[in-house]
Amino acid sequence: MSLIHIENLAVYAGNTELLAPISLTLEKGQRLTILGQTGSGKSLLAQAIMGNLPNSLRTEGRVTLFGEEVNAKQRQRFWGRRISMLPQEPWNSLDPLMGAQQQLEQTYRMVAGESAANAQQKAAYTLALQGLQDSGHKRVDQLSGGMAQRVAIACAMAGGAPVLLADEPTKGLDVSRRDQVVQQLMSQSKQGALITITHDVAVARQIGGRMMVIKSGELLEQGNTSDILSAPQHPFTKALIEADPVNWPDKTPASSHKTPLVEVQDLTIGRGNKALSKHLNFTLHQGEVVGVVGDSGCGKSTLGDTLLGVHQAMEGTILRHSQAPLHQWQKLYQDPTAAVSRAVSLATLLEDTVKLHKIDRARIAPLMRQLGLDEALLQRNSEGVSGGELQRFCMLRALLLDPVFLFADEPTSRLDPITAKEVSQLLVDVAKQNGCAVMLVSHDPDLIEKRCDRVIRLDA
Amino acid sequence: MQFVKATAFGALTLFTFAASTLQAAPTEQNTVKINAAFEFSSIDPSRSGYVFTRMQVIETLLNVDTQGNLIPGLATEWQILEQGKRWRLSLRDGVVFHNDKPMTAADVVAALNLAKSKPGAWQGVPVTNIKVVDEQHIDIELSTAYQPLGAILANYASAILAPESFGADGVATQVIGTGPFRTYEINTPHRLVVEKFPQYWGQTAQVEYVRYLTGHRAEARVLQARSGQADIVFGLDPAAAPMLKRLPNLSVIRSDLPRTLVVKVNAAHPDMKTVEARQALSLALNRRGIAAAVLRAPEAATAQILPSYMADWHLADTNIEQDLAQAKALLHAQGWQENSEGWLEKDGKLFEIDMITYADRPELTTVATAIQDQWRQLGVKLNVSITNSSAIPAGHADNSLDTALMARNYGTIADPLGILLKDLAGEKGGDWGAMNWDNESVKTSLNELLSESDANAYRQKAQTIAQAIYDERPLIPVASYVQQTAVTKKLDGFRFDPYERSYFLNELSWVK
Amino acid sequence: MRALLLKRLLQLVAVSWGVGTLTFILMRSLPGDMAYRIAASRYGMDAVDNRAADLVREELGLNHSAWSAYWQWFTDLLSWNLGNSLVSGEPVATQLWHMLGHSVVLAVAGILLSILIAIPLGLASAFKGGWLDRSLLMVSTTLRAVPVFVIGLLAIIMFALEWNLFPVAGFGTPAHLVLPALTLALSLAAISNRVVHTEARRVFGSSFFEFARMKGLSPSQTFMHHGARNIAVPVVAFLGIQLITVVEGVVMIESLFSWPGIGHGLAHAIFARDIPLIQGAALMMGVLFVVMNTLVDIACHYLDPRGGQLA
Amino acid sequence: MISSLSRTQKTGAGLLLLLVAYAIFGPMLQNGDATAQDLNHILTPPNSEFWLGTDHFGRNMWIRLADALQLSLMMAALCVLTSAVIGVTAGVLAATGGRWLDRGLDALVTMILALPGLVLVLIFAAIVPGSFWMLYVAISLIQWIEYFRVSRAITQRLTRSPEVQSSKLMGFGQWYIFRRHYWPAIAPQLFTIAAFGAANAILMMASLGFVYVGIQPPLAELGLMIVEHFPYYSDAPWLLAQPLLLLALVVLACHLMGRGRTQ
């Protein structure tokens, strides 16, 4: 008897089709991964299965759970007990005012029907299992992304639901946390079934089982994960796989860099009065691309800001060997939409920079072509363009100032894999041509490996 | 959980507050509820004795009948000896204070001496000594004859309270009077409840309790009357009178008072020093319009400050009609020319004056607004400022006052001589009377009247004074004051006192 | 917690001194001679004359310099004595206590009633939406569009006159409290019910609410454990702010229903230039403001510990 | 920005335009002025000659209401303008200026808040009884706090944002940062506060008429009219209804303008 059987499930807004009809069947112990870019409608599929689509959308097709055909209303009885869904942002899905353990206890008591004492004991045990034994009393805002995710999973599973739907479970987590969460998902759903929705090829590879690839609401390809990953049929799938830094071509060895730009001796960096990393010694040369890697919270961003002079170094010295004026020490931000004012069009912003520093307008056109930005784009404001386009606009603005040093703070972590690959390549090439030193920060060691001349590893 | 606790707490406070104020005795049935505009900020007779005389808690030696003549009160009779320099009063016997102690001559003398020492009615009275003659008689000795002493003895400030009511500093701490009602509960400044005093010497009350509540706002009082929550409501806004008359459960009683709506004019003001200018201002007034449309009492229009039943002082032929053309002619003769916007102008200066009035009496603001427009048609720019009533005496003292609209009470008794002395005979006139009016003959004849005993000589002098006031207009009368009172039909025997001295509560009875 | 109380105590002292001085300066800059005004309130509006004003001026030492009067008030304040009212001579403290009693009862009754009206309606309109939400929005907007004394007048015409259920004005029995409290409650609830609606709509649509449902909790369980408290936090914060505007309503309602409260007394005191009473009343309101503010902050912190250290 | 108004805001704006048109052009459509009295024609119901009838002094209500509306709208506009300018400047300075400036302004705000608004206005109105300008000063003194708080909060949040940090790194000055970053974030919020501020200013002036502190005769003011016409609520109910309705409409228009997308 199949746990889940879906026939021609489709989602419509009015009569525009958001998700083309899809059919699938899941037996006990099976695992399915749905792979696709952000915004390709894979979340809608999860909500359609679960039965909690926003009431402005409607579905067609039949959903049979545990052998019983149920419409959206009837499925609510199964929530938590037979089928459970893990939403995208765990730090938003936990009650902000209640402690983690308390929320877990509550699920045991009310959903699984445990006695108060049992529920309390079980909750403590589950949290200890996750290595969260001493943060039971903490609230969501006191937990890191990874910890919040693990509490959310525990809560979702507390009701004993055999089938688990995980929607982008690893979004925003760094590599080490990501693998931990994937292991937890697979162990929890051994005896039931697991449907995982993700854009991360590495996650799909670890989960195995069967896979479906979706692009803008269309099902492109489905089959065993290992077969598709090794021999993708559809060009989009191929591009998606290649976008994983592991598959990027190796970096050509850089020419030697001689002239030092900035020298750091026995530097300690920190924010407020808490020191993050101590005794750092390195020299950054002109035109060199240096990568900085480390777990979140080890001070990667703070190092860059200290070099730019935004933060004071706590100890040690920073020697600048170049007399370049302040505005030639620039920064690229992790979230470009937060770094560019929404009030006016990009053209006006560009115009402001050009007027301020009296830049020769002739240089704009060639640079825009190189960055793949077309003229029409500039008429819109920062919300009217995609994340990739906006990051490239920021690079345009920075490069027009002839920077000697560019601190790129995880510039591609918010972009989807394919765009991230293009933008990171573009960044390194353009910087090299203009003799600008780059410090690239990322939590993905493969990306740093494939893009930088040299790597600095920070440990918390 | 928190909300449940909060509402419980709220209910608890409400309950305790309610329990403490539910009195056993006065109930809806046995209490007459009275509502009026006047607050009493203290219980000392010199300050707000009028509330306690009206509620018949305290009494005076002499009273006043409806025609304004002095009649016996706590004193049965009074003789004026030694050409007015000694007044001998014989006291009524069988009078008992509310603390069951009989009233003695010594008590009366003590009370009068205290009254004499406080500001108010007893000012300027040339008293040298007040003494006990024997158990039934007391004497008041004066340095010179003072004819209005009778009115002062009838004034609330001279009420007789038991010695025990006064504190060490002479200020009353409790009200132990002799009236047909005794105080039951006092909450200054808003509420007073009195109960029937069985041992009263005169006609004992038929009603058990009477509650007096201050209603500050005119419309709030109208609503009290209309909803029947107050049995008697004084000081009704004339505008609401027609609506109240249509109600079945109450009747509206209109009574004329010896109070006149008067415009006080600063006769030293450059634009208003000449008689013609004041004549013009008076002629521009549409008195019939104001009386009918604003005061809702067409017959209240008057051009004299004193009412008709003060025969000696009332002139036969006075003209109250509006004559704008004549008024303009008078002013043109004075050199005023009309400018482009219609304002009168003389050598670059507008005819612009201020008028002070106060909102405590609802009619004053509306009449002032009417006058403002009528003088506008004459070309005079009048700025009305509604402030506190004390601004009028203050403006008189520092000469900053141009004009003021006020409701002056001329009759505590039939003969207004006492009031006129205060208003006209003062060195600059009177706080509530004329201002800088340089007419010496009126002043001298007023003082002569003080000792004038021959009736028709008295009347002849009074007529000349009244004529001088009418001709030279130091005070421009607008209309006589009409008081509207709403009385529930459940009560019988209500009588309105034109001199506002008593509510005659002991004559009230419930209609069976 | 102790840090907050200490800080608020300091604020209390600063506010009381500040408010007292501010009112003193403002009152002293008022036109018109104080002696006359006080005499008018003492001896009745028609009986005031120069003689009475001069007597008052001597008795109260009004011709002394403003500075000495201020110093007198300041030293009295240090010994917890608010001085005596110029008009009635009674100590300001007793008069205020009497007036404050009535105002607090009216304010508490009004606020409780507004909560009882606003919360159920706000929640219901957020939950059901549709016609209930639209009609409530319409009623709330209309009530907010008229000054509070108009609501009072309409309440009198309807309840007291047409149906004769409640007394028109005055005080004494609980029946007297109903109309003033209802008027105040309606003017407060007109705004607070929309705040409750907005916050409830936000919580019902939030992802933690949805995830709680996903975990298997029934709608009522989800509301009880997660919804109520998350709605309460901003609503309590808003009620705290609304407390400040309560006084405005109270002054108007007391004057309409001749309710002997502090608002009404204050309006009269300003006309009568009874400076010690005004200083006392303003001081009392300033103290009430700081105390209420602290209580609200504590309640908010208790409900939402995320607000960081209790500053 | 105008095009982005929601449906409710558009109705509000339409209603307000209608009222402004009546306030300005109303008096021109009838001859005579707001203070000319005719004691023989008091309380005449609306007829062909007097479109909105005459009040208890026989004054033409059509012109009188237009005058009163002019006064209310002028008070609203002036108060909103002044309190917005003061509030926003103080707010931005407090957020960007030194620590002491912030604490100083904060103490001042607590002081003003401690004294209930109406009491402050009552005292100010008593300084120069019946003067429009003193009322305007008093009301603006209370209303600027709302603008101060909002603009300070927004500016404090933005000073730490990447947007401002990036502009600083690129060498832009404080004035540019205000024009490009702070102001566009403050402006939409300002619009809502301004709308409700205008409504409160009008309500406050009306309430003052109620305690006889507001405007002096013969000036027409909505709150004072409601009080003056109340005794005639059974003889001439339409007379009381007119100022009441007009006051409600103008305040409603402001509230609708303020509602926009937020509520």
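All chains are identified by letter, namely A, B, C and D, in their written order; residue positions are counted from 1 within each chain.
Just so we're on the same page, contacts are C-beta pairs under 8 Å (C-beta built on N, C-alpha and C of every residue); 3 or more make two chains touch, one makes a residue touch a chain.
Labels paired with UniProt names: B = ABC-type transport system, periplasmic component.
Every value quoted in this text rests on a predicted model; they were computed, and no experiment measured them.
Colleague: In terms of touching chains, how many steps apart are chain A and chain B, taking the shortest path?
Modeller: Step count on the best path from chain A to chain B: 2.
Colleague: Consider the two chain pairs B-C and A-D; indicate the one with the greater count of contacting C-beta pairs.
Modeller: When B-C is set beside A-D, the one with more contacts is B-C.
Colleague: Just to be sure I understand: the centre of a chain is the mean of its C-alpha atoms, right? Then which chain's centre is nearest the mean of all of them?
Modeller: Centre-most chain by C-alpha means: C.
Colleague: Centre to centre, using CA atoms, which chain is the farthest one from chain B?
Modeller: Relative to chain B, the chain whose C-alpha centre sits farthest away is A.
Colleague: Can you check how far apart chain A and chain D are, centre to centre, with Cα atoms defining each centre and the answer in Å?
Modeller: For chain A versus chain D, the centre distance works out to 48 Å.
Colleague: At what distance in angstrom does the C-alpha mean of chain C lie from that of chain B?
Modeller: Chain centroid spacing, chain B to chain C, equals 37 Å.
Colleague: When the C-alpha atoms of chain C and chain D are each averaged to a single point, how far apart are the two points in Å?
Modeller: Result: the chain centres lie 22 Å from each other.
Colleague: Per the centroid of Cα atoms for each chain, what is the distance between chain A and chain C, given in Å?
Modeller: Here chain A and chain C have centroids separated by 51 Å.
Colleague: What are the residue numbers in chain A that touch two or more other chains?
Modeller: Residue numbers touching two or more other chains: none in chain A.
Colleague: Give me the residues of chain D that touch two or more other chains.
Modeller: 129, 230
Colleague: By the touch rule stated above, which residues of chain C touch at least two different other chains?
Modeller: If we look for residues of chain C contacting two or more partner chains, we find 153, 255-256, 271.
Colleague: What are all the touching pairs of chains?
Modeller: A-C, A-D, B-C, B-D, C-D
Colleague: Contact residues on chain C for chain D in the complex?
Modeller: Residues of chain C touching chain D: 11, 14-15, 18-19, 22-23, 26-27, 29-31, 141-142, 144-150, 153, 157, 194, 198, 244-245, 247-248, 251-252, 255-256, 263, 266-267, 270-271, 278, 281-282, 285-286, 289-290.
Colleague: In their shared complex, at which residues does chain D touch chain B?
Modeller: Against chain B, the touching part of chain D is residues 35-37, 39-40, 42, 56-58, 129-130, 212, 216-218, 227-228, 230-232, 234-235.
Colleague: Which residues, counting only chain A, touch chain D once they are in their complex?
Modeller: Touch list, chain A to chain D: 308, 310, 325-327, 329-331, 333, 335, 338-344, 349, 352-353, 356-357, 394, 397, 401.
Colleague: Within the complex, which stretch of chain A touches chain C?
Modeller: 50, 52, 76, 79-81, 84-85, 87, 89, 92-98, 106-107, 110-111, 139, 141, 152, 155-156, 158-159, 161
Colleague: Flag every residue of chain D that touches chain A in the complex, lowest number first.
Modeller: Residues of chain D touching chain A: 161-163, 165-167, 169-172, 176, 180-181, 183-184.
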